Each structure stands twice: as structure tokens, then as C-alpha cells.
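Next, two complexes with chain A in common: one pairs it with chain B, the other with chain C.
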Partner chain A sequence: MTESFAPGVRVRDLTVVYRTPAGELPALAGVGLTLAPGTITGIVGESGSGKSTLALSLLNAVQPPGRIKAGSVDIDGLGDVVQLGGDELRRARGRQVGYVFQAAQNSLNPLKTVGKQLLDLGRSHDVADLPALVGEARALLGRMGLDGGRVLDSYQHELSGGMRQRVGIMLALVLNAHLVVLDEPTTALDMITQATILRIVKEVHRERGLTTLIVTHDIGVAAEVTDCLAVMYGGRVVEHGPTTAVLGSPRHPYTRGLIRAIPRLSGDIDEARALPGRPPTLGTIPAEGCVFRERCPLRMAVCDTVDPAPAAYGERTVACHAVGQPVAPAVRKEYV
Partner chain B sequence: MIIGTGITKTYRQRGSVLDGRDVLALRGVDFAIAKGGAVTFIGESGCGKTTLGRIVAGLETYDSGEIIIDGTPLSPLRHRQRQAQFRRVQLIHQDPYSALNPTRTIHQTLDAPLALRARRMGRSKAWAQERARELLTLVGIDPGYVLPRYPHQLSGGMRQRVVIARALTVDPEVLVADESVSMIDVSLRLGILALLKDLRERLGVSVLFITHDIATARYIGADGELYVIYRGQVVERGPTETVIAAPVHPYTQSLLSAIPVLRGVEQPGPDLVLPTEALDESHTDTGCLFARRCPFRTDHCESERPSLGYGEDTPQEHACFHPRPRSVIPVEVSA
Partner chain C sequence: MNTVRRLTGHLARGIAMIWVVTTISFVIIRNIPGDPVMGQYEKLIEQGMAPDQAERATAALYGFLPTGSLWDQYVGYLNGLIHLDLGQSLSTPGAGVATIIGSAAKWTILPVLGGTLLSFLLGVTMGVYAAIKRSGKLGDVLSISGSLLHGVPQYVIGLLVTAIFTTLWPILPAGGPVDIEYVPGFNAGYLVSLVQHATLPVLTYALASYGGWILAMKSSVATVLGDDFILAAELRGLKRGVLFRYIARNAILPLFTILALSLGMLFGGAIFIETIFNYPGLGLLLVNSIGARDYALMGGTFLVITVAVVAANIAADLMYAVIDPRVRSGGAA
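Up next is the complex of A and B:
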């Protein structure tokens, strides 16, 4: 299979709101993000940053009380999924867009064997040749280092966390979807299993010619597998660019602070610094101005009133008033 | 000082009488937690590290072995006396969302143990009130804000701090932190770790840290000791920095090799070790427990089990017939 199968994705001005007693609050505020065909993109952010909401929007699957209020999600070969509905949408999910849910451990039906769930999936998508589907599933599981026949005959409780995660990936790919979204693919797995899953994701991505989106709170996971990285904060993409560039020379103060807050295995451990303050929740996102200003060492007067728009710096986009301006050493000290 | 010698624990797997299989969770583990020290247990899920932590906290029984707290062996003691000893060890749970009673305000949560303590020590109720405020300030939160609130009104990081404050109400000597930051947001994690480190330095509280995130162990106690546990056996033990920088056991090397590399900032270590297969509980127990997955195994490994001890010239103890230091952790790219 070649890369020509891999679809590109363009998210434009996406606004998703959740209905609360305090009115409609934006979980995503005019998010723009482009996934180039054939790449692995990572979305990192803390809880409440809107990363899972953005991922669900790719399937137009934001659940009430949330709704997509404005914007578009344009997927090659599918059009704008925000405009899709009913059967069209149902068929697109699984066929064109595969989704591996957070805690794949719990997304399997405990009362049915994996094989039965696979057949359900096939029937609901009107697959004519079910034996071929089973064959494909077995091959995929085999590719991921599992005994396909045994796994298909197993109930979820008979499988380990790492095995269930691989079953989730198999179910997302078996209908030949070429856009795959993985939501927290390795949370709750231990280190060695995590490394195995990430290797599989990378290999399967390359072999099948996919466009892959990985949503995670763990920068390490994103660093390991992604080509591009989008950093989210308070319902906005604050920095987006090639992974090595974003991690190697972060420009947004949040990205910088986040990378600094990770204890590492080499170097001076005492250089790790906690980011002051805490991330905003839906109710505490400021109505105007920059969402990060309360925790920002580079805060200026303009940050209180104007929400910085993402601006391009080479391959990178950064949404910050202070980036691009010469930074006074006195201000930078906060990070030293 | 808490010392454990030859701790074993066996779980009987559920099943019929015939196919019920014994799972050896701990196979004769020795440990020592010095006053004010930092000890970390690392290993894959199911290796026995959590069981050991719960045994240290007195929440789990053990089949054989002995625990000695400040020179007092616990096995001859009556239940009550033993409980009193274990009160000096407090467990901080993994999940701050379920560790606090949702129907009680933080004030009620902290006041219950403090009032009991005040009565025992013959102090006034006012002392208990004052102490609650002191403890919350100590863990870095504003008592005025937190005390009247219920857990659901607090963020994860704040809740974890309340859980730590509650553990401190009984003036423990050891805090057992089992994956205590894994459910906290990345930007707040370091704050909790810094708090544990601070408590260790200021109050002389020992910290037993149980985790699979080895870098956090380094943050809490680079001067501490690291225990690498595999299938109920300690396979490598030594100063944290040494074991991380130059591990000699292939299992430790596999664990450290699996840590994601921050590309752009780091590059992979030169000697990465990949286990040859995944953990399978049905692996035989003869020989080295890791032999089946070890890329360096020899016939010797499959017939005899190495015990923990110092090698010829390694600064750490290990249980391996072919120890060789390898550099597996990510290396910082020089700017």
C-alpha cells in the first residue's frame, strides 16, 4: 500500500461548546489544525485542555451536552464531517476513520468474545465477506505479535492490558480505515508494554500508509512516535510544528514550562521546575485575553485583553504575544 | 528504620480446586528503609511492588519473613501492638479522586484523626484545629480555602495534597507513595514530588516510592536506593543514580530502554536492550526468572537461579550470572 491512500485532515476554526448551568462554555475556541497525509501527529495537553474533544470532533462524535458550534473538519475523501449525519456518518466511522478509545481495556464488550465483536462490526458495516474479515483481523493481530486465533476466541478479561490495546488497534484498522485516532493509547500500561505498543503503532502506520493522530498527556509518548506535535492549553492549540523542533526549541512559554517540568533520567535533576498555578477548567477559562497568562512568566499588558492568534514562524505556529519579540533576560530568569 | 527480611507472599488464583494456581507475589524479599531515606521500588505491573508496599504499610499480610520497626520484630507482637507500630507508616493512594470521602469536608476528614490524637495526648480541641491548618500550610495549600470544601470542589493536585496532609496527621515516620502522581496533570506532578522531597528533607520522613516512572524516583531521592523487582524477586538494588546510569541486570536495562526518548532534546542510549518476549505468567520457575525474556541468557541461566549479591566489581547488588553495565538511558543532545 502506498501513501496515496493516507488522507489529509484540515480542522478550521473549530468551536465546541458544552452546555452548563453557567451557559455554553467553549471547550475548543476556534481551533485550527492540519494533519498532513501520511504523518503521525501528536496532541498533548493536560486534562481539560480540549484534546479529547478535538479528537472526537474528527468523527463528529462530540456527545451532548457538548456540540460543535462552528468550524469545519475536512477529511480527504470524506468532505466536511461536521456536515455529515445519520447513516453517512455511521459508515464513515470505522471505514474511513478508525478510533482507538481511551482505556481500550474498557471499550470491549465483556460478554462477547473478541471474534463475535469483530463480526458485529463487520455486519454493521455490511461486509459481504465475513471470513475474509476474520482472516484480516487474524493477520493484523499476528502482525502485532499475538496469536490471532486465540485472541479472537477470548473474552476481554482473558487478555492483558497490552493485548486489549492491540485488539483496539485491530478493530480500528480492520475495515481498512486510513485515518486512525488513538486516544491515550498507553495510559495504564507499564513501560515495556508501552514501548511495544508504540513500536507497533509506528510500524503499522508505515506499512499500511496511514494518517495517524495520537492524543496523550505524556510528552514522552508523543516524542517517541510523532512527526508533528500540537500542544493544547485551555481549548486552544498554542504551539504546533515538527516534533523535534517543538521539543528541542519550544517557543510558547507553556510548552517550555511543560518540558521543564518533566523529570529526566540524565542531566541535573534539580533543573526540573514545576509550572506555577494550575490548568484552567471549563468554568475558569478567561473570557478574554490569553488563556495562559495567569501562569506565564512573559505576561504583558496586552495578554489581559487580546487572545493571541496563532502566527507562523517557519514550519511552526505559535499563539503568544511575547514570541517573536526580543526577550529581556530578566524575564527569562523565571526559567533558569 | 524499617527492615524486612525474607518476606514472601503467595496469592492463590481463583479457580476450581484443581486448576487454582499459586502465584508467588513475593519470593523472599529483603529491604531496609532508613530514617529520612528514600527507597524506590520499580518494576512492571504484576511484579509485586504494590504488594510489598502494602505489606510495609501493614495493609497486607505476609506468609513468612519478618518486619522489624526500630529494632522491634513485629511477629511476636499482639495484633493491637502491631497496629500501633504500623501507624508510623502511612500510605498515599494512587488515585486522589477516590481516596477522600466525598461526603465529608476537608475539615471533617482531617479533624477525625486529629481529634482522636488530641484526646490521646491530652491536648485541647483547639490544638487539633490549629494542627489541621498547620498541616495544610505545610503541604502548600491555603487552609481557609480548602477546609470548608468537599473533595469534588478541589483539583486533582489539591486533593493529592490533602491526602498527604491526612497521612501526616499521625506524624508518620514513613510515607508509602504508590504511583502517587500518575493521575495528576503533568504540569502539577512535579509540585507533588517536590512536596514529598521537601517533607523528607524538613521533617525527616522516609519515603517509600513505588512507581514505573523511574525519572520521578530520581527526583525524589537521587541519594536514595532503587530496588528493581521482577516476578517477586529483587533483581537489582543499589544507589538510585548508579542503577539508572549503569544498570547491570538485563531486566533493569529493558525497563530503562523502554523509556520514551524526548526527541529534539535527547537521543536513545547506545546499548538498548529489548526483551525477547512479553511477560507471561506461565513461564517456568526453574532457573533465572528473567531467562525466557533475556537476550543474553545461557544454559546456566535456565538451570539455576542467581541470588541477589554483589558482583565482582559492581557498586550495586544484582541477581544475574552475566552482569554487565550498559548505558541504556536517553542521552541529552548537546545544544
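Up next is the complex of A and C:
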């Protein structure tokens, strides 16, 4: 029916601005990110770091008053999504790119059964064989441990959070999309259900040969399932590389701070140290220089004026003036 | 099972409500200064009628006994109601109240239903556009027209419409239900005359409630547009038409309650409009019966209006259960 391959994604110089009374404020400032075909990439960052905006950009679905001002999102088999519009864009959504919402959000129409919404989806994408689509949906739900027939006959309010999330994954995959974006897929679920959903995401990813992007604020989730990890701060990807490398030996001072802030199960709670200061909001992002400098222990003179460009260090890219520079002994003692 | 229980509950509550209203209207009519029932009874005796004969005549007129304890009279009145006997009209001798109301009802029900449904459909559709285009010119125009019309009382709209279409631009008749030169029945002249006469009342009903629908639907749609499932549906690539139906169906839910209430209210609102257009419906009947101190007719009209409101409420609730599965299953949403 459709070509089955895991697409690669190349985001280049993506700038997204939000129109506010104070002018256009950047939510993403020249973001670059590559998703290798067949990998699971995680995006972590605090609220307001731009991770959800980046995820929506993959479907060219930044919500007003936001808009994509510059850059490109190149997806294999689709081309530059930023240039798509109208019916072409609508068809790409759902069929080529699946989007899974946060479980706590009600991503289903409360007045229709899951099955009817599945048929709406099929008709919108001109699926000729609707019974086959229903069969595929039932098989997918069954694969995720649900009674497909029962779930298709259910309304949203009859399903639990974990069941809704699996329905969301089914709807994202049932048209055979091979690029899947999951926005906070486990937030607001209990620990057991979280683990189940993550296992399902991993297994389905492997079985169907997907390219997957997971947006989360939970580094534990990212460590569990992702191959690559992008750390976002103030509308920029500050560090990106293989998950084990990024978490095992973080190079950007923000990533280090994030990891040091995680309390350990064993050991003294006081060892966890919160990052000083607060993340910037849309209105407080500095116009020039490094966005992280106010909270940074490695701040240098150049950080006030020049926004550090991402630079490659082996498999990893880091956007920081101090990385690769000799660190002053006084700072080293305090920080490393 | 659930539906049957729900329906039974509604009917029981509706009947209880009707009983309360009839009781209140009985008590009021029995306690009006000058006591019209006793007045009639005494008038008949003065005219030389024997007391027991006068009593029977009065009972036939009002549907309850002029003498005896209040309780006996009340039981007699309720007994009459159960047999759908509303008594005799005072102002139209020889005509039963039920007959008079029956012939007036058709002049109210059709225009009220037509006007309300017309304004509901128009207002709801325009409300969706007003919400979707709320940052544009069209949205502003629709919202302002809604606010303006919503603020103008029915009778003012009625008078304006009359002035415009019968005097400034005389294309429609000013009043009455139909031109008398036509023979009632299925002939073109009669039907055309019927429609011509109904146009202005229906238009007034529609204009008077249209503004409210626009405003209510606009705010309801704006709420639904912010719901996550709309964005989710958009990101699944659903067609515009499907998306529109998702929005409209979810947004219209709260309006059904208002629709039911306003249908009931319009039977009261019909008083102004039917008076303005001299339209022989229930509203005009009520006004005339008050003017003529025809208490039996008054009581009967009150009863019919009450039943209409109660029935509209029950219908709305049942309809709600049909379109909202969360109500149907009785579970928490």
C-alpha cells in the first residue's frame, strides 16, 4: 500500500516566532537536528524550551499566534514539510507522520466511538478498504495488549489513561506512517502504565521499522528508550548525540546541571543540586549572546555577545563557547 | 433499561410539576377578589334559578363546584382535569375551553416552532463562523449583529418589522391569520395567504432569538476549538468537513438546554407578537381571556403553557442523551 521504510529527518535553521503584543518572539532560534532513519530520538528540556514547538514543526503544525519564520524540515519521501500546505499537508499528516498526544490530553472526540473516529480517519485519507483498516486497527490494539473489538466500540470516557494512550498510538500508526512523534507519551500515567507504554513504543518501533521522536521532560524516560538525545534550552538544541554519551559524559554545562539535579535512589538527597536561576521565557530570552549564560558556571566574556553555534565533537554536537576550551582551575574545582 | 428508567423519572417529575401549577392556579382563581365563581353562582340565583340548578350550571362553566368545602371543589377540579375537561368559556358561551385552546394552539405552535428552528439553525451556523473567524471582519460583523439583536426586545422588533414591511415597503399583510375571502382548505389562494400572514410573526420570532444563538454558539465553539482533540484530529489529517462536524457537534450540546427552555418561553413571548400581529394564538387568547375575566379560559391556557414547557424540557433531556454518550451511560465524563 505504502512504501515501508524508516525516513530520515533533517531540520535546518528552523526559526519559529510567536506574535505577541511585544513583537515577534522566537520560540525556536535556528534549530538544527537530524533524525537518523530507524532510530528513536529523544528531546528533553524544561517547559518553554521549545521542545513541543519543534515536535509540531515536524508536521508544519505550529499553532497561531506562532509561525515558522525560516528554515526547513526535510523528511525522506515527503520533502520540505515547511513548504507543504493545504491538502498536500493534510494528507501527509496521519499517513506519513503520526502524532501521539500526551495521555492526559483528550485526543479523542468525546461524542464518537473509537471505531467511528477510525473510519473518519480512513475516509479522510481515501482508504478504499475500510474493513481492512478496521482489521489492522484491531491487530495493532491486540499487539498492545488490548481487546481490539471492545476498544473500537468504546467512547473515550470508557477508557483508562493507558488505554487512551494505546488508542492514540494505534491511530498514529494505522495508516502505516513510518515517522512517529510522541509528545510526552507517559506524562500523567502511573509508573506501571508508563513502563508498559515505553515497552510498547520500543517494540512497535522495532517491529514496524519506524523513525521515532519522543518529547519528554523526564530524563529517565529518555534514558530508557532513546538511541539519541537532544537537549533543548531557550529555543536551541544545546547538546545532541548518542543517549549513552550525552547522559554518561555530558559536555554542555546545562546538560551537566540537569543530570546533577536528579536525586539518586541510593545516596544523599543533598547530592542532587538544582540548577540556580530560572529558564528564560519567550520574553526574557536575551537578544544576543548565549541564552544560558545567566545560569552558567563557565561564563566567559564572549558569551555576552556571541550566541555559540553548535560544533561537532565526535558523534556529538554541543553549542557552548567553553566546551573544548581549557577550564580555569578555580572553576574546575567548583564545577566538575 | 436505562432509557426506560430515565423516561419514567422525567414523566413523573413532569406530572408533579404540572400538578403544582394547576394547584396554584386553582388557589389563585378561588381567591381572586370578587370571587368570579361565587359571583356567577349568585348571578344565576338572582336571575331566578334554583340553588341546585345554579350550582350545576356554575360547575359546568368553571369545572369546579362553587359551593362545598375548598377540598371538595379541588378534588372536583382535578377530576375534571384528569378527564381533560377544562370547563366552559365565560366569554364565548357554549364553547368548551379545551376546544377554544385547541383551535388557538395551532396558530401558536407552527409559527413558534418555525421561527425558533429557523433562528436556531441560522444562529448556530453563523455562530460557528463568528467563532472561527473571530479575529477577522466577518466575525466582528456577526458578533455585533448578534449583540444588537439580542439586546432589542421582541415587541420592538415586531413593531419595526411591521413598520418596514407593511408601511414603508408594503409587501406583506399587517395582521390576522389569513385573508377571509379564501375558503379554508387545500387551495392555492388560502395557502398563499396563510404563508403571507405567517411570514412577519415567524420573522419576528426568528430575529428576536437569533442574536442569542449566535452569541451562545460562538462562545461554545471558541471553547471547543481550544480542546485538545480538535488539534489531534487536525494532526491526523482529517478532512475539513469532518473537523467541522467534530467542532459543531461538540459545541452544540450546551445549546440544546437553551433551545428547550426558549421553546417553552416562546409560548409566553407569543403574547407580544400575537398581539402585535393580531394573530389568534395562545398568547392572544391569554390576553383576551384576562381582559374578559374569563377565568376558566385563563386557567386552561396557563395549563397548556405549563405542559408545553415541561414537555419541551423532557424532550431536550432525552435528545441530550441521544447525542451525548456520556449522559447516556450515566458515567462520569
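By definition in this document, the second predicted complex is superposed on the first by the 321 of 336 C-alpha atoms of A that agree within 3 Å, B and C clash if a C-alpha of one lies under 4 Å from a C-alpha of the other, contacts with A are read in each partner's own complex, and residues count from 1 in each chain.
By our rule, a residue touches a chain if its C-beta (ideal position, glycine included) is under 8 Å from a C-beta of that chain, and two chains touch if they have at least 3 such contacts.
A quick note: this is a predicted structure, and the numbers were derived from the prediction, not measured.
Peer 1: Just from the overlay, do chain B and chain C fit on chain A, or is there a clash?
Peer 2: fit
Peer 1: Per the contact definition in the header, classify A:Arg264: touching chain B only (first), chain C only (second), both, or neither.
Peer 2: It touches chain B, and chain C stays clear.
Peer 1: Mind working out whether A:Val246 is in touch with chain B, chain C, both or neither, as first, second, both or neither?
Peer 2: In the superposed model, A:Val246 contacts chain B only, not chain C.
Peer 1: With both complexes overlaid on chain A, does A:Thr305 touch chain B (first), chain C (second), both or neither?
Peer 2: neither
Peer 1: By the touch definition at the top of the document, which applies to A:Gly145: first (chain B), second (chain C), both, or neither?
Peer 2: After superposition on chain A, A:Gly145 lies in contact with chain B alone.
Peer 1: Per the contact definition in the header, classify A:Ala92: touching chain B only (first), chain C only (second), both, or neither.
Peer 2: A:Ala92: touches chain C, not chain B.
Peer 1: Name the chain, either chain B or chain C, that contacts more residues of chain A.
Peer 2: B
Peer 1: Once chain A of both complexes is superposed, is A:Leu121 in touch with chain B (first), chain C (second), both, or neither?
Peer 2: Only chain C; A:Leu121 stays clear of chain B.
Peer 1: Let me test your reading of the model: by the given contact rule, A:Asn106 touches which partner, first (chain B), second (chain C), both or neither?
Peer 2: A:Asn106 sits against chain C, while chain B stays out of touch.
Peer 1: Let me test your reading of the model: by the given contact rule, A:Met191 touches which partner, first (chain B), second (chain C), both or neither?
Peer 2: In the superposition, A:Met191 contacts chain B only.
Peer 1: A:Val221 contacts which: chain B (first), chain C (second), both, neither?
Peer 2: Only chain B is touched by A:Val221; chain C is not.
Peer 1: In the overlaid three-chain picture, find the nearest pair of C-alpha atoms across chain B and chain C and give that distance in Å.
Peer 2: 6
Peer 1: For chain C, which residues are in contact with chain A within the complex?
Peer 2: Touch residues, chain C against chain A: 227-229, 231-239, 242, 246, 249-250, 253, 323-326, 329, 331-333.
Peer 1: Along chain A, where are the residues that touch chain B in the complex?
Peer 2: Going by the criterion above, the answer is residues 46-47, 145, 161-162, 189-196, 198, 217-221, 223-224, 243-249, 257-259, 261-267, 269, 272-275, 278-279, 281.
Peer 1: Quick one: which bits of chain A touch chain C in the complex? Just the residue numbers, please.
Peer 2: Where chain A meets chain C, its residues are 59, 61, 63, 90-95, 99, 101, 105-113, 120-121, 123-125, 155, 157-158, 168, 171-172.
Peer 1: Where on chain B does chain A make contact in their complex?
Peer 2: Listed in rising order, the residues of chain B that touch chain A are 44-45, 155-157, 185-191, 193-194, 212, 214-216, 218-219, 222, 244-245, 254-266, 275, 278-279, 329-333.
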